[in-house]
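Each of the next two complexes has chain A plus one other chain: chain B in the first, chain C in the second.
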Partner chain A sequence: MKLHYYPGCTLKEKAVALDISTREAMKRLDVELVEPEGWTCCGAEYPLTEEKIVGLAAPIRVLRQVRDEGGEVLVTTCSFCFAVLKRANKALRDDPLKRKRINAFLRDDIQIDPLTKARTTDFEDYNGEVQVLHLLEYLRDRVGTPKIKSRLKRDLKGLAVAPYYGCRLLRPQEEMAFDEPDAPRVFEDFLEAVGCSAVDYAFKQECCGSYLSVSLPDAATEASYRVLRAAQMEGARAVTVTCPLCFYNMDSRQAAIKEKFLDFSGLPVLYFTQILAWALGVDREVLGLGEHAVPADSLFEEVPTTEVRT
Partner chain B sequence: MRVKLKAGPEQRTFIDRIEELSGENVFACYQCGRCSAGCPMASEMDLLPNQIIRLVQMGLLEDVLRSKTLFLCASCFTCESRCPKGIDMARVMEAVRHILDPKGKDAFGPGEISPELAKELPQQVMVALCRKFAK
Partner chain C sequence: MSKTASKPKKAVAKAKDAEASLVPIFVMGKRYEVPASLTIQKALEYAGYQLVRGCGCRGGICGACGTVYRFPGSYRIEVGLACQTVVQPEMYIAQLPFFPGNKAVYDIETLPAVGGTIAALYPEVFKCVGCGTCTRSCPMDIDVMGYISKAIQGDLTAVAQSSFDCVMCGLCAARCPAEEVQYNIGILARRLYARHLAPKAKHLAEAVKNVEGKKFDKALQELKKKDLEALKKIYKSLEIEPDMADESWTPTDKSFLGE
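Right after this comes the complex of A and B.
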């Protein structure tokens, strides 16, 4: 089965592990991921003021391309892409004025095929026809837990993993409609489906510091510490994320965290698709574990280290 | 804090402009403080989110535009999810950033990311940050 998949900029560069593990895992669930032709950046931030409407052009161009290729669903893994695409899509569905303005702007598009040099103009107006889903939603609603369970190749033996939602997946609830913002379940259900045990902790939907990690690194260090520490206190052996920026803040920043907070001893951070791919039988070498600043290899031993430990 | 209130056309224009840009009714706020209680960046702020909205209600333009809080908001929408009056505070913050002097210096622009750091950062954070904080 073919499924449209939008990786986004970071997955082609700094978060290759997320991209590769997504592809490998979905292959084992009989889903072939197809990228929309000539996709561009989604813009990373949904424009929050009425006058920055031009920020909707990039995500809508991607969605229009998916529709023109016959796609009904677009799946993403990065939380930032998911939020921008989903909110832009909803804005065009709900707001006739935005629909008119963005379509008027995009009507001048000319697309040139890189191989045949054929020019495409006269794009049809986009009215929000595509459905934007996060891979977690797709796994829950379209693939289903029974199918995932039937394809599992490795027993993760209830490895204690803390799901980290962060900011973009859940809020604003009215627009994201992803899960209950203060008591989400979708990530926990996913972890339990693949054989982990989901750790419940207080900071799973708190912010990791997001883009402030560049303009104000100390604030992001502290925010990430709060999340990691809370997860560790509840017995988590790893934290799992969907977003490359959450990953960067919680993984690369751990050296700074340890320096500042002496009670913190390090905790591996994983993409949720790495866990899925591993459980489905993908080789360890393919999971992109070399990208991690905090080594996570011990979690992927054929014989889980929990058996060796007392 | 003692503040001198003015109720001239300048204040009215400021309030109207914030409401127009954000699409939020700032006068719906009754200062319960839940936005500030849940804000992950509150400890770094000179003015808390609920204080920002109060100052907007009073039309105290200069105090709002001077605050470093504007560039501490990570748009994580925790305040939005908790506001009992349904105000999206992240939109109010963005509206205030929008009306900052267009000729003024960027709070954070691409030039401030060193080549070494750029090699290490995920692409999305550079796009997101510049979209938020550069004009």
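Right after this comes the complex of A and C.
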């Protein structure tokens, strides 16, 4: 089946591994991911100023395009994109004034086909018709653990992996509304479904440093260290993330972390889709492991394939 | 009308014909009556403006005459090139001869052909809020927001291709709330693409090799010896590639074709 998928800008350049592993994995679950025509940056940050609604224009245009292409669901993997798209969608559903203002603005849209120059105008108002789902949520609710298990091609032998939620995935709860932020299960259940064991640790929702990486790199180094160290102390052999920025902070900062904190010895960081794709039988070469600063190859050693429940 | 009343009948009719084809336009708020068939650029000159800047090729290519206009009763700002847009009654017109957009200075030879180059030279590209005003402001019907989006995604080839028709008029930048300079980002991508990414044309290298190998020298020497009449005759009998010839077209005389 076809499913609308919003990769987001980062997945097109810096986090290609997340994009390709997502596509490869979903193919093995009979899902073909299609990108909405002409998608743009979602804005990365949901506008928190009530009156500053221009930030809604881009995500709502993406969602309108999905609807106009006949899509009912849009999945995404990047936590930032997910938060913006989901919150913008909810704002349009719940807030009549925002709905009116943003539609009044987007009604003047002109869409120009880059090749044929064909112009599309007269867009229908968007009222929140599309459902925005994180891929973890889609896997849990639409694919389901039994189907995932039935498609597993590799036995991960209970590899100890620490799920890292970060800031964006679950909060604010009333808006993201797909798991309990204080005691989430979705990531743990996913890891167990693909044959890993989920490591429980205290810092799974602490901030990795986020954009401080730009303005205060030392603070991001320290924040990432706390998460990685906590995971390692609980026996994790890798940390897994959904967010390219979390990945960047926790993966590429490890050189700085090791310099600063002598008790830390390095821990691979993986996108959850790399684990999924691997478990579903995708070749190691297409997992994008070359993007990792901390080598993760050893976690993806080919072991004699054991037939896992068919 | 009162002035013409005292004139002979024939002259009145003539003046009325001329009046019938005049349309009112507003240039920077001042009303002028100009012949309806003129372009905005010619209308400005008809009205007495001397265009020194803000006019270049007068053929819709150079992008010097970006113009914004609006009609009474509509809020919408419309755009066009003054040299290409015919006046319409009641147009309110302002030209934008120059826009002081940010412009990076670089050496294209040493610039890496990666998406990050745009980010490094024009970091404001990430300020785009996706409002779409640039696309609405493009007189060349370019999907401007689309190529800025591709620039953010680091796809140089897509930026180069979809910004190809840009005439650098600056109207997109003039209306951008994020203060992007879309046209300079577009041309940077096209330069990077052309210099580093576009596949090299094999036939061009071959042609250069032929020139350097003096393949055409003898024929040129022979031409030089001919008198004017003989040259005219040769010129008139030249076989010219038809306008819509397909890629496989070759001339009858193949002696100068590369191998």
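Just so we're on the same page, the second predicted complex is superposed on the first by the 303 of 310 C-alpha atoms of A that agree within 3 Å, B and C clash if a C-alpha of one lies under 4 Å from a C-alpha of the other, contacts with A are read in each partner's own complex, and residues count from 1 in each chain.
The rule is short, and it goes like this: a contact is a pair of C-beta atoms (placed from the backbone, for glycine too) under 8 Å apart; a residue touches a chain by one contact, two chains touch by 3 or more.
Note that the structure is a prediction, hence the values are computed from the model and not measured.
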item	value
Which of chain B and chain C A:D108 touches, first, second, both or neither	second
First, second, both or neither for A:E13, with chain B first and chain C second	both
Contacts of A:G290 with chain B and chain C, given as first, second, both or neither	neither
First, second, both or neither for A:W39, with chain B first and chain C second	second
Which superposed partner A:A57 touches (first chain B, second chain C, both, neither)	second
Touched partner set for A:K117, first chain B, second chain C, both or neither	second
First (chain B), second (chain C), both or neither touched by A:Y211	first
Contact breadth on chain A, by residue count: chain C or chain B	B
First, second, both or neither for A:R171, with chain B first and chain C second	first
Those residues of chain A which chain B touches in one complex and chain C touches in the other	9, 13-14, 41, 43, 55
Contacting residues of chain A [partner chain C, same complex]	9, 12-14, 38-43, 54-55, 57-59, 61, 105-106, 108-114, 117, 119
In the complex with chain A, residue positions of chain C that touch it	76, 115-116, 126, 128-132, 135-136, 138, 141-143, 145-149, 152-155, 161-162, 177
Chain A partner contacts - residues on chain B that touch it in the complex	20-23, 40-41, 44, 71-72, 74-78, 80-81, 88, 90-91, 94-95, 98, 107-108, 112-113, 117, 120-129, 131-133
In the complex with chain B, residue positions of chain A that touch it	8-10, 13-15, 41, 43-45, 48-52, 55, 78, 80-81, 166-167, 170-173, 181-182, 205-207, 209-216, 219, 223, 226, 244-245, 247-248, 252
